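One chain, subunit A, appears in both complexes that follow, with subunit B as partner in the first and subunit C in the second.
== the complex of A and B ==
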């Protein structure tokens, strides 16, 4: 199944459809800096960042990428000024509400990952509703990491495992990395649970506590563009770089 | 053509750095570099000569703690010979060893220190949980935190510092399964294959780290002269 408008978007020259990554992850960095450089409030940067995300989702679904995971809000971001945090929570809610019909129509399966307990109750409810409504969609899976941290993901997986041990359905001796993988929040992904390509914008060269476990074999691509400036040309560059490198896995994958 | 031009410019830049012609790279500020990790593609990790060269460079730069990682444990298997070689090198070739000068410490890691170690730590915590329940004669709910996992990793012998900088020597831009628990805020720099390693590139990566300002997602506008210390968990 492909999105209804896919035929209208030409496949970028220089890219090979067969070599496209199945799962791309983004650390969407640079919204605040983008706004600051233009003398705009931080909120304007986040709104511009949302427009960038919408375009990347559109292109990804046209180009046959099956999973997109984006780092929207980290556990550490709760320490930002309250006005900014409140604005972001309202923005997330508005974006989901505004796009839910489009998600259904375009075959986008939405899943919010992270520590939902910290989110405003209205956003928690909406996220669950959106996940339920788009559950059968199969064009592209969009995972939005909100209040997420890679370490916390590992901790909550171990917590669930401890619960299984308590319930008597698992022996401590039987805990392996495969058992942990079953309990990570990315386990909701149907297609490719781990990113083939992880892109970070704004010139920073670190994972910042994002998908620490899942990115072991991800091709890392660091773009100097700030997230609101990251568009089709930059995305094609990242995908070209990915395709040029012969993927070599180690002993285990 | 553009890429080739950029590549040549980069090589020239590295040459100027290593020859000492660029003043700002002569004295490296190492205050931000408590621990440096080197990730090597297992296929190239057998090249002991290059690994030794790399260690000699790092020692001469003044790096104090180095983690050597490759997935398949090739470097781990060379640990004793590399340590012996390093001791000899520092004893005989260090032109002006200072009294009580710390030697460069080495830690050798492989895939088993990453995901497998976390599975071991989880297994240990669950066994301990069952044991405690038996002792108390009551069933408590299991509650785990980051510090519990960190402590369990220490007990199973797989804990250690989080490196500030990770240099990847591999044909692919990928950290090749370096222990996930130990790289939250680590700067990752792809250095290309080990066979084309370059002293100037290593110097530049360390220099660039010293100029980095990490805000750990907080974006706080602090008054001048005020800084926040993030304590490791």
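== the complex of A and C ==
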């Protein structure tokens, strides 16, 4: 199922529809540096980043990508200056509210993943409402990782499993990879739980504790563009690179 | 199997080359050096195909490459080296290929502890990380013997990931920490909810080993393929296009230089762990 405007947007030349990744993840890095380069406050960088995200979501839904997971705010980001953190929390709330109607029209299913307990109560409530209201949407799933850390994701799965063991519904010897996968916060994804392609912007070559388990076999693409500058052209480059790769999953080609 | 390349100091030119190399490494070490380097040794089979060698020759060439890389790392003073030798996924390859790799490993393990070997020369402590029960008995016994023989060594540490995937390692750690936590809960010492990152880390194979500073994956592929996922959160990832058997001193020097270039930024981000 595609959004109604999809027919009006041409598929990028050079890309093959059958080879599109089903799930793309983004580490949206570079907002602060983008603002600094322009002599603007950090908040301007984050706002520009939001506009970039909107565009990427729009293009992804047109091009048949079924799941997008974006790293908006990591557990470690709580250490940033309070003014910046407060701004970001307000930005997230504002963005969700503003786009709630659009999500329905565009068929976007929203899910906020991460440690919700650290978020302001109003944002927690709004996130739950938005997830509920968009539950039936089927064009594209958008997961926004806020207050998220890959290691904490695994630990919270571990805690749930330990509870099941304590309750007697699971034996320690029966703990398998599948059991852990069921308990990761990305279990809310309906299609393709693991990213086929993980893109990090701003030239940094590391994963920074994002989707650590889930990206075991993801193709990684490191873009030198800062996140607010990552647009259609850069996205096509990343997808093109993905389509040329040979994924073997440990076997021979 | 032919022994690893005759020691560089065996002849005059070898001695001169060794001297030059030590000078080069000295200059390198004036900059920040990684403590722990990890290698995903990809490209052996492509090497075989491209050079039209007989099946399995690529893996043998890869092993020679590994010995050289280790020698250079130890000469540079890098204390921890980890290599991805054989993934659990690789068991699904053709049986002949799996057998060939196992035989090669067995062969290497047998001469690991000889006097002329790297391990003896540098006092290397060797670890093998993975689900060793998946290996055949001769290989598993040879591995246990090697680990026991080197456990008291105080030199650099070489960790070989065999029958390994990170998700299997984490699953094993989750199982261990669940068992321990359950015991603590039953004894009234603790609650399930206080299980933390540290509890899981203690049960990983890598407990006690610092996280890698650099992961180098050869043959140009840009993915981790289920290698050290937990431990590479802020690791600098590199993917030179050279195939593993072709990975030489200049590639290693380049990798170190790249690391040194990124290092000031990495250090700053480490404080925020991002």
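To be clear about the criterion, the second predicted complex is superposed on the first by the 250 of 253 C-alpha atoms of A that agree within 3 Å, B and C clash if a C-alpha of one lies under 4 Å from a C-alpha of the other, contacts with A are read in each partner's own complex, and residues count from 1 in each chain.
In this text, contacts are C-beta pairs under 8 Å (C-beta built on N, C-alpha and C of every residue); 3 or more make two chains touch, one makes a residue touch a chain.
Model, not experiment: these values are computed from the prediction.
Participant: Since both structures carry subunit A, what do subunit B and subunit C do when superposed there: clash or fit?
Facilitator: By the criteria stated at the top, subunit C and subunit B clash after superposition.
Participant: Please work out whether A:32 is in contact with subunit B alone, subunit C alone, both, or neither, and reply first, second, both or neither.
Facilitator: After superposing on A, A:32 lies in contact with subunit B but is clear of subunit C.
Participant: Overlap of the subunit B and subunit C footprints on subunit A, residue-wise?
Facilitator: The overlap between the subunit B and subunit C interfaces on subunit A comprises residues 74, 76-77, 79-80, 150-152, 154-155, 158-159, 161-163, 165-166, 172-173, 175-177, 180, 205-209, 212-213, 215-221, 245, 247, 250-252.
Participant: Using the touch rule from the top, collect the residues of subunit B that touch subunit A in their complex.
Facilitator: Residues 41-42, 71-72, 111, 114-116, 118-119, 121-127, 129-130, 139, 141-146, 148-149, 171-178, 180-181, 183-190, 214, 216-220.
Participant: Please output the residues of subunit A touching subunit C within their complex, sorted ascending.
Facilitator: Contact set of subunit A toward subunit C: 74, 76-77, 79-80, 150-152, 154-155, 157-159, 161-163, 165-166, 172-173, 175-177, 180, 204-209, 212-213, 215-222, 245, 247, 249-252.
Participant: Enumerate the contact residues on subunit C facing subunit A in the complex.
Facilitator: Going through subunit C, the ones touching subunit A are 45, 87-90, 92-94, 97, 165-168, 170-171, 174-175, 177-179, 181-182, 185, 192-193, 195-197, 199-200, 221-226, 229-230, 232-238, 262, 265-266, 269, 272-274.
Participant: Within the complex, which stretch of subunit A touches subunit B?
Facilitator: Listed in rising order, the residues of subunit A that touch subunit B are 32, 74-77, 79-81, 84, 150-152, 154-155, 158-159, 161-163, 165-166, 172-173, 175-177, 179-180, 205-209, 212-213, 215-221, 245-248, 250-252.
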